[in-house]
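This report concerns only the one structure given below.
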Amino acid sequence: EPTAEVLHWWTSGGEAKAVSALKEDFEARGGKWVDSPVAGGGGDAAMTVLRSRVLSGDAPAAVQLKGPAIQDWAEQGALADLNDVAEAEGWDKVIPPAIQSVMKYEGDYVAVPVNIHRVDWIWANPELLAKVGATEAPKTWDEFNALADKLKAAGITPVAHGGQPWQDATVFETVVLGLGGPEFYQQALVDLDEDALKSDTMKAVFDQMRKIRGYVDADFPGRDWNLATAMVMNGNAAMQIMGDWAKGEFLAAGKVPGKDFICSATPSEHGYLFNVDSFAMFNVSGDDKVEGQKLLAELIVGQKFQETFNLLKGSIPARLGVPLDKFDDCAKKSEADLLAAQDAGGFLPSMAHGMALRGHLSGAIIDVVTAHFNSDMSSDEAVSRLVEAVELAKD
Amino acid sequence: MASLTLDKVRKAFGPVEVLKEINIAIEDGEFLVLVGPSGCGKSTLLNLIAGLEGSSDGEIRIGDRVINDVHPKDRNIAMVFQSYALYPNMTVRKNITFGLEIRGVSAAERDKAVADVAKLLQIEALLDRKPSQLSGGQRQRVAMGRALVRDPDIFLFDEPLSNLDAKLRVDMRTEIKKLHQRLGATIVYVTHDQIEAMTLASRIAVMKDGILQQFDTPQNIYERPNNIFVAGFIGSPSMNFINATLINDNRNLAVSIKRDNDPIILPLKDAPESYQSYVGKDVVFGIRPEGLTHKRTGSDEPGSQYVNFDCKVEVIEPTGADTMTVVEIGGKEIVARVRPDRSPQPGEMMTFSADMSQISLFDPVTELRI
Amino acid sequence: MADIQHYSHDAGWKHTILRGLLYLVLILFAAYYLFPLFVMISTSLKSLDEIREGSLISLPRVITFDAWNYAWNEACVGVECSGIKIYFWNSVKMAVPAVLISTFLGAINGYALTKWRFKGANIVFALLLFGCFIPFQVVLLPMSQVLGSLGLASSTTGLVLVHVVYGLCFTTLFFRNYYVSIPDELVKAATIDGAGFFTIFWRIILPISTPIIVVSVIWQFTQIWNDFLFGASFASGDNAPMTVALNNIVNTTTGVKQYNVDMATALLTGLPTLLVYILAGKYFVRGLTAGSVKG
Amino acid sequence: MGASSSTESNLTASIQRHLSKIVVAPSFAASLFFVYGFILWTGYMAFSKSRMLPVWDWAGLRQYERLWQMERWHVAIENLLIFGGLFIVICLFLGCLLAVLLDQRIRAEGVLRTIFLYPMALSFIVTGTVWKWLLNPGLGLESMMHDLGWTSFKFDWLVNSDMAIYTVVIAAVWQASGFVMAMFLAALRGVDQDIIRAAYMDGASLPRIYFGIIIPSIRPVFLSAIVVLAHLAVKSFDLVIALTGGGPGYSSDLPATFMYTMAFQRNQLGVGAASAMMMLATVMAIIVPYLYSELRGGKKNG
Amino acid sequence: MASLTLDKVRKAFGPVEVLKEINIAIEDGEFLVLVGPSGCGKSTLLNLIAGLEGSSDGEIRIGDRVINDVHPKDRNIAMVFQSYALYPNMTVRKNITFGLEIRGVSAAERDKAVADVAKLLQIEALLDRKPSQLSGGQRQRVAMGRALVRDPDIFLFDEPLSNLDAKLRVDMRTEIKKLHQRLGATIVYVTHDQIEAMTLASRIAVMKDGILQQFDTPQNIYERPNNIFVAGFIGSPSMNFINATLINDNRNLAVSIKRDNDPIILPLKDAPESYQSYVGKDVVFGIRPEGLTHKRTGSDEPGSQYVNFDCKVEVIEPTGADTMTVVEIGGKEIVARVRPDRSPQPGEMMTFSADMSQISLFDPVTELRI
């Protein structure tokens, strides 16, 4: 009997439902599913658990892992090879190349993607925008600032923001993408090019961050992102910069996209910051477990799961060829932008969500970003600190 | 004014009545000794005076002030606890000076006071030890020191010398007496030591089962005990009680004690009026061991207060200064106090001499003094 | 218990005022301690809509126990959507033996270290004590290797072992410090009565240790019941303790946050601990050793 | 009586004599292995190149250098001193005060005791969340006061980088002081009544009795309480995560969260180990002298 | 065989030497009483015998068995602690039966034993109380009960009666004596009560500052004390010591005591050989108060052991049975024991009679008996 223990941190609401859909499929195919959810810290807790499980020689079969962390584990020789499933299912053809490279280690599939989240969204409240005469979200950062100033003058909190470092970083990376363009983003936040990090563009980015700080209400620190979303929803704030998981909040409250809320990409030239969830397959012993692992991989990349899961999660499928009829307008726009960005070379991994860099590097950057955002640090200082921190983290 | 008045004081622990209507009043500067069998309520009474036990009935006054509701710390009382109750975390010195410190006495004065008291109690060498490093008697002396160092209205001492050796005890007794004379403080003192009670007290309260039996001067308690209990309790070895009959013998009243062969007839001199109504009736004849000795000089002379009679000696108990000689009279063991050099051998016949001026007669039913 | 008992009848106005003040202070403190609980309960009794709209502190407009029911019976912990009730027993199976064993060991250690002082007893105690300060994150990785090689990975036994080992220093500390102030004479007397090491422990020492047993049990139970890190790391899947489930419900970063369910879950998870406090609290008896020993 | 029975009784006698050591031995051995062994392990890791998983390659003092170059670590250490100091002092004070107050034959003692104690029952995660609401200016106390009409009321520590660490103190004190109270209460209940009575006779007022006699005589409990509190302070990880998430920024980071972040989030096991060693060193520096004096004094008392 | 031998036993608490080379040997069934000033090491010695104090030097044997390394519980000893050490968690009954239970005595036997002992100690009514609900004396009796209920080789009693009233004390003393006779157990008993020591002991050990001063029968200790300390310590009120000179008076040895006007010359009868070397030298003349009384019958006759002399009375202290009369001789206060009916008034002159057969002479430097 194929068996798979799955370690993940999708424990609530739509996600949990999505995972149980997978479980049902798996069990329908005769598998035995052992569920090991560990929520918390955006997967930090699960990663801690993973480490101790691996060390005790008792690794779970499939683990929710993403970005460079997959490569890290593969380097330790902890991951299993999925090539035979990949060939049988033709993954190379249906998975976008940028994502493929994340899933592979030295050419072999070691993980399977589940979805694509877009990070660089603005969620706006049309009613509030209307109050200052705007009908849609801003298209450039200047527009953004102008609009925000107007909102502020009208006594409306322009930007709803939560107070966690990753939220600061989310805003930060959209600004980098917007002000610097995809190439700069690649240099600065993916390649960690020192010149890019030191550049005036980066200074401008921090200037913009300081401006945004001014658009945020006083109570933001410690606020969860979904409370910020609720502010937009309830008319307490006009906009929020957040990934498309925010959409789930609107939908859950029965709001209709386009009517009750606006989804719009943050200002950038065909940029698209992706955040892909995936499962990495760990070395397990025993035929039943290996078999279970393969079956699981097959199911995850399968169309049925991709559709069900992403409908529930608010993201879009990580493979091509899944019909989007059932998806909402925002999702459709996401898919369209994705294709455009791919062509324009703007399809980039999110730094804030651990797609671009290994943990210690992104962590070093986020430290600086959040320290800047939460104090009155000058942009110059922020830039020099950024360079320093990256340098320190690199070796 | 630190006179002390207990007015109908009662105390119960749950269902157990421990003190039953105690009435005691002493003047300022008096020395009251509480005696009574173990468990009769002495410590409880001290605790009530100090304000340390839960609610009680009755009124307690110091001077004219009712203190039932006054907090213990405001009663200005010093107390030596039967269980010592030393502060385990403090050195001996600290234990002694704590009360002074609380009252804001300056360090210099405290040092002097503790030096004085330590000298008096012979614990100078122990001042820097903790209580756990002391012997029993040393602890007791520290407990004393804690009280003596203060200058309260009333001292309460609960068997403060019980763990001291005889010599130290005599010294301490003298010191307490001096202290009493010097300070003129009112003192309530519990002891089981008769000599202590006799030498220290200006008044003695004898208790039994929570009931006050007699409250009087030491001399009266010793010589004119109110009832059989007090008579038997005070004095060691205790008074001999013999069932006897009061008879009219040659126009004099006399006590007749049954014996197998012939009764012993002990004529009474200067019998008080109260005896008359008991003529012909049973009485309890009480005589202290020291009232019953070997034959005394002049006891044969007419008009002497001594009466002689012969008796067989059963047991002897030498105690150093005297020899306790036990005889059997009226089915009871009777103890006589005999000079060692005159002490007989068990089984011998011997002439005893009874001092009839020091006897007591009691009603066998009410047990009260006649 | 340092008050003088009989002052209940003490009618002095000063006393009445003091007493009043005392209660006032206590009640104020109680309010401080209760306020967050109030927020939790009121939140757990609100519907999600009400929470989304309004202030967190306000009283619920409509009281509903849906959240409680949901948390207990339906909440999804991963794919399993049958509430936290199934994890309850896991926690019990782990906490009860671990608490009992560590408390017992602590008691007997404390007893041996104070009443049967051997050379170096204080050093042994000091060394044991440092176990209290080792951050659990530090031991996580070596511990998993050890458990793995002992074959105790992902088992309740392994968890119990871990909790006993890292609870020991605390229980030993509690008991040792309590026993220091119990007079040695008691042990001497029992020795003369012919009792040996263990008899004295069972018959004399333990019966007068109730308050500290209560403290130790409270501490250990709280620590173990509320532990998340070890539970998540050393137990997997179906063995997971209740806190892992709680965490999985409360600590989601994406998706809709159901505060009412979170609070209900948190309260449910805390209930056994609360129960232990209430039951154990009764045994804070007063003045046990009083009057046994002079000095 | 043969020789065998006498050797046998010798054996039992020597077992008897060493029973106390035998009894302590398992705990001691466990502690040697699971505490000191693991400290050694961690100590080694701090000198290794470990990143994601432990490796044994020697890196010298490099990890310590990196640690001390991190701005964030300095913040964490400073926060630990502020937080640890305040937390321990306030908890001791409150715990002691509450225990003493509860010791006054309070009518509803059981209820109050449970009220003071119950926060301990909740996991830090929950405590953090609740206090986050309460202290959030827009949601909690401040807005409540505003609603009640006290509009000038301002309490924004949670969102103020300079003050955020104090909110952690508030929540931590709320949670732990009840337990300290329980510890003190247990000890108070063991104090000999006659000693207290003696103190009354010495004229001591109630506070004086507590501070002069009772509390000094339960001194060992302070050791327990301080150890427990120091432990909580050093390890208060969940609370910070839940209450401030280390923020705003990383202004309320503590060594525990720092270490966790480094070791498990950022794959800097070596730096994490180095920071853990620094934490241990800090604790030792404070606890060892205290312990030394405490156990010394204890010997004299015993 | 439960003879007890202490061979060069020493004990120190840190730097403080508490016992210094104690040598004591008693036979099976003997009754040894330890006396000495507070803090001299009596309790410590008991603890060593019981095995309750850490290491000490020297050897302790019960019978022929060296018990230094025997665990206390295997020594088969019962002990009454000076501090009682009752188990606070147990009722009185449980306290008493605990030792029996441990030793596997059946419940029925235990019940009987506790009933017997409770009767003897008069604590039947208290059996179901906890120690904290007892009075001091009651606690002490429970502590006694705990020892008495057992049947050990050796009993150790540490001031077991100090908190009891005189009457109860006499009863208990008798019971202990009976018990001793019935069981033939070896007993080591610490007391401060001289009468207890005298009446109970088969041998007495007098200690001071951790040094054994004299180890002998009660009579010898009383009549022939080894040194001034023992002489002064035993007997209450204590022996009078007067600085005097040994002279040759009419071919008889005599003691001459300086006085302002004329010296008092007290002739010695049957002086032992050892006195000779002290003729003409200073000695300390010791006489017990009871050796110094009012004028006795026959004391004027030649050959009498009594010697009469006149002296002015300074203070009198009535104690009931006797009156202690204080005079000043040789610059010291001297106490005489006078029958109350013969007691003078302070300031009066009075004729005293000294019993020369009961005196002791000591070397003023070594303080040893001559």
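As written, the chain order gives the labels A, B, C, D and E, with residue 1 at the start of each chain.
Operating definition for what follows: a residue touches a chain if its C-beta (ideal position, glycine included) is under 8 Å from a C-beta of that chain, and two chains touch if they have at least 3 such contacts.
What you see is a predicted model, and the numbers here were worked out from it, not measured in a lab.
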Where chain A and chain D overlap in contact partners, by chain label: C
Leading chain pair when contacts are tallied as C-beta pairs: C-D
Distance between the centres, which are taken as Cα means, of chain C and chain A, whole angstrom: 39
Centre distance in Å when chain A and chain B are each reduced to the mean of their C-alpha atoms: 94
Chain B-chain C separation of Cα centroids, rounded to whole Å: 56
Contacts with 2+ other chains: residues of chain D: 16, 53-54, 139, 192, 194, 200, 217, 260, 264, 301-302
Two or more partner chains touched - positions in chain A: 41, 48, 51, 55
Overlap residues in chain E, where contacts from two or more other chains coincide: 71, 82-83, 134
Partner chain C, residues of chain D touching it in the complex: 16, 18-21, 23-24, 26-28, 30-32, 34-39, 41-42, 53-54, 98, 101-106, 110, 112-127, 129-131, 133-134, 139-141, 143-144, 147, 174, 178-179, 182-183, 185-194, 196, 200, 206, 209-210, 214, 217-218, 220-221, 223-224, 227-228, 230-231, 234-235, 237-238, 256, 259-260, 263-264, 269, 272-273, 276, 279-280, 283-284, 287, 291, 295, 298-299, 301-302
Contacting residues of chain A [partner chain D, same complex]: 41, 44, 47-48, 51, 54-55, 72-73, 76, 163-165, 217-223, 358-360, 363-364, 367, 370-371, 373-375, 385, 392-393
Chain D-touching residues of chain C, taken from the complex the two chains share: 1-5, 22-23, 25-26, 29-30, 32-37, 39-40, 55-57, 105, 108-109, 112-114, 116-118, 121-122, 124-139, 141-143, 146, 165-166, 168-170, 172-174, 176-178, 180-182, 184, 196-197, 211-212, 214-215, 218-219, 222, 226, 228, 243, 246-247, 250-251, 262-263, 266, 269-270, 273-274, 277-278, 281-282, 284-291
Residues of chain C that touch chain E when the two form their complex: 183, 185-186, 188-196, 199, 203-204, 207-208, 287-295
Residues of chain E that touch chain C when the two form their complex: 47, 50-52, 71-73, 77-79, 81-90, 98-99, 102-103, 131-132, 134, 139, 146, 150
